[in-house]
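Take a look at the structures below.
Shared between the two complexes below is subunit A, which has subunit B as its partner in the first and subunit C in the second.
Take a look at the complex of A and B:
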């Protein structure tokens, strides 16, 4: 059986390998892709969509279907992590630890013990708590807003420079994860809870899908943003430009939320109680 | 200006080379972090300054903006790179890795 598998692999691998010689060379000017497809996009993108960045226009407009399902794939990756890792029942932990903020005293509360949860004096800490490092904390606090600003810039400036929803979303998610690493998981989920990250993740996909459906309702094809030109102040060309922007924002939201969601599940081993 | 930029970039590359040799040759984790943290930051500082000077040669608004962006890279790397080194080193200490000592110079307890 093993030998049979090896023979099959050699035959089909050799077949694939021999076929690669038939493919046009990289950058071959006379290949079909370079003679028909690329010149069309290069020549018509600006007049069709008024977007100077050809890559963005192809990604979000000419091949909108492809990107829609890419976003759906990212969302389902987050969903898969959720289903595989998340521990559904909220078992009460054996002991909880609290730290008195002014004195640094640590309290261990056994199961059934009581402490005012919303106390200003005490802060809940992880069982594997390590003292906060001032240098790392301050640096991350300094850097995170700039990283987020840069992420928004990458999303919004995708029309003119390299960038767009996927890249900006990843940078934004990395900023939130950086905050979670430098502080702790609990203070991060207080700001962006698991539920809202899941809702944002699906919301991003829905923004994309909703734009496409809106185009149908307005009488154009699915994801044909020129249908949006019924709104005041838009002609078909600029409507496509704005349609691309809306779609990129949806992609950015989805990617950010899914990144953070996956991080929550991985860092806390599914409990979402405490983690890195 | 071009000459100055070239000198800066070449000396930055010199620092990078020293950093790579140090990472390869030093005996243990902590001493390897030393060239990784210091020399890479210094090398990047010098090469990026050289590039900023090279860009600003033709004195237009776009060139000035580009070189300002390069200077921003320097600022952020200057803040974050030593912090990253510090975080890695801190993790090493907390994991209980003891530093290397020269053989024959007396064993550590």
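Take a look at the complex of A and C:
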């Protein structure tokens, strides 16, 4: 089997290699890819959409329909993980764990044991692996807000520099996951529950799709943001720019939420028994 | 709103996507709303596709520019007679299956019903998107949606479903990557992703081994996705272990839509002249199709489980359509297109019947069919009709497409293909009559072995216990469709399919 796979790969690689001489050279300015459609994008992006970043304009406007479904692919992935992994019957865990805040000692309380729920000295923690490292804990707490701020910058600045909803969303989601790893799942879901992440995930895609559908209702075509120019202060070109910003925000929200949603289901093996 | 009709193509993909998102949200608050919302979306899409098809019949090809950008700068939807017709049938099949799924979805996914309907809607959104798009890369994006949700829906089944789902995921990913590779090479060569635009540029580059490789990669990828014979290994297990409601969704639609994609890529992107005259792939692909037909049929014979038997029949049917298309003459291609819509309905019919039986008996072994004609008379009647159609008995639609396929084979002088079709029909006779025999003649025994004890009259006689009412509705509608498609197949071929075929065929 292994040998068969190797042979298949060699044949496939050989085939790909055999045609490389027919393809244009790397960076060839006269290749079809740089002479057919690309010049249009480079020459017209600014006057069509008033967005200086050509890549963003292609992604979110010229080929915005592809991007709508790329976002939907990410949402589907989150939904698929939830559908396959989540074990909805909520059983009470065998034992609960509490940390004594001042000493860092961990208490394990079996079923039926007395619980120091009211005490401010104790904090309930995950029954799975829980590191209690003050240095990691505090460093990550310090880093997280800056990472999130940077994520918002990447989303908002996608018009002018590399970035946009996908990249910003991933950074934002990673910040939340970093918090979950360095602290614990319980305290993360207290801030962003599984339900909220699911709702935000679909909400983000709804923002994108809703913008596209709104354009139909305003008399332009699906995803034709120039239809948004009926709002005061916008002309058809700047309306496209704002349309791109709105859908990028939608993408950012969807990607953030779905990443966190997938992490919750993977990290708790679908049980989410900490009462998430 | 009169102006709305020009946005019909957008509605066909936007409405089910919106419904999927809303279902996900609504489910956290009230899970009773998921089913009605999904059905409403299904109805809207059915109406839209019927309207769109009518528009195509009167006005010809419809192009819809997304974002208002003309091709090749932007992405366009392109609806002609071919995908207009298939869209109508696919939306209808998806809708019927949605209606039928209610009871068993509530039973099987009690706590995740919202996620099930959302994935269901996303899956059909992907298929509609593949059917309607006029952009080679966009086809890949929508293919990803349909595949990803398909893996999840199949993997949720019991027993070995997760393994089959994983197997499907690996194979499906390889298939999709091959297609993407092909599109990548095409982009390097032409600088365009729009299908019609690529078709305009490619002939200037003939002959080129890079185009040949792009063609082979696209076709190879789609062959994996449609489970053509040597690449079919993922299909039977995936369709068998999936929950019944999922098999009756995935089995009728995925392979058919992939065969459409093959036709679209071969005819619209690479053009008829290239696919049939410039390169010599017709012969080998025809032999693959013949192997698929014979192999699928023979393997179906050796199965003891109803769903697995039906899954191998799907493998054989893929051979019918691929073979018919690559015959390259008018009759063969007409037969292939007609068989896409007929087979979607036939497969829905038998898989729904299998799902109904599974609900009542708890499993799908052939031996559990005992006494079924007394227990579920209507379901079995519909299954008989579906079986007759798969065999190819005249009043049902299966006969007509098979007729076109066989006459196409004779016209092309390809006796192998004709023989394969006849063998497969005979095998289907054996397969279905074995089911009917078990269902009609073998006595019903509650939990007992068939011949262990003599049956006293009245003892152990089953009471009538039909499928749930929604499922029965879907089954009867499907049966009606089988007959209607048969009745109007002449008109469908002359008025629609002949318009869809390349002009060179006359």
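By definition in this document, the second predicted complex is superposed on the first by the 219 of 276 C-alpha atoms of A that agree within 3 Å, B and C clash if a C-alpha of one lies under 4 Å from a C-alpha of the other, contacts with A are read in each partner's own complex, and residues count from 1 in each chain.
By definition in this document, a contact is a pair of C-beta atoms (placed from the backbone, for glycine too) under 8 Å apart; a residue touches a chain by one contact, two chains touch by 3 or more.
Everything numeric in this text was worked out from a predicted model, so none of it was measured.
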With both structures fitted on chain A, tell me whether subunit B or subunit C touches more of subunit A's residues.
C
Which of subunit B and subunit C A:135 touches, first, second, both or neither:
first
First (subunit B), second (subunit C), both or neither touched by A:1
neither
Of the two partner chains, subunit B (first) and subunit C (second), which one does A:225 touch, if any: first, second, both, or neither?
second
In the overlaid three-chain picture, which partner chain does A:146 touch, first (subunit B) or second (subunit C), both, or neither?
first
Per the contact definition in the header, classify A:26: touching subunit B only (first), subunit C only (second), both, or neither.
neither
Touching partner for A:40 - first (subunit B), second (subunit C), both, neither
second
Once chain A of both complexes is superposed, is A:212 in touch with subunit B (first), subunit C (second), both, or neither?
second
When the two structures are overlaid on chain A, which partner does A:84 contact: first (subunit B), second (subunit C), both, or neither?
second
Going by the contact rule set out above, which residues of subunit C touch subunit A in the complex?
3-4, 7, 10, 14, 17-18, 21-22, 24-25, 28, 64-69, 72-75, 111-112, 115-116, 118-119, 122, 125, 129, 135, 137-138, 141-142, 144-145, 148-149, 151-153, 155-156, 162, 181, 185, 187-192, 201, 208-210, 213
Applying the document's contact rule, which stretches of subunit A touch subunit B when the two form their complex?
130, 133, 135-136, 139, 142-143, 146
The residues of subunit B that touch subunit A in their complex are 76, 79-80, 83, 86-87, 90, 94
If we count contacts the way the header does, which residues on subunit A are in touch with subunit C in the complex?
15-16, 18-19, 22-24, 31-38, 40-41, 61-66, 69-70, 72-73, 75-77, 79-80, 82-84, 86, 88-89, 195, 198-199, 201-203, 205-206, 209, 212-213, 216, 219-226
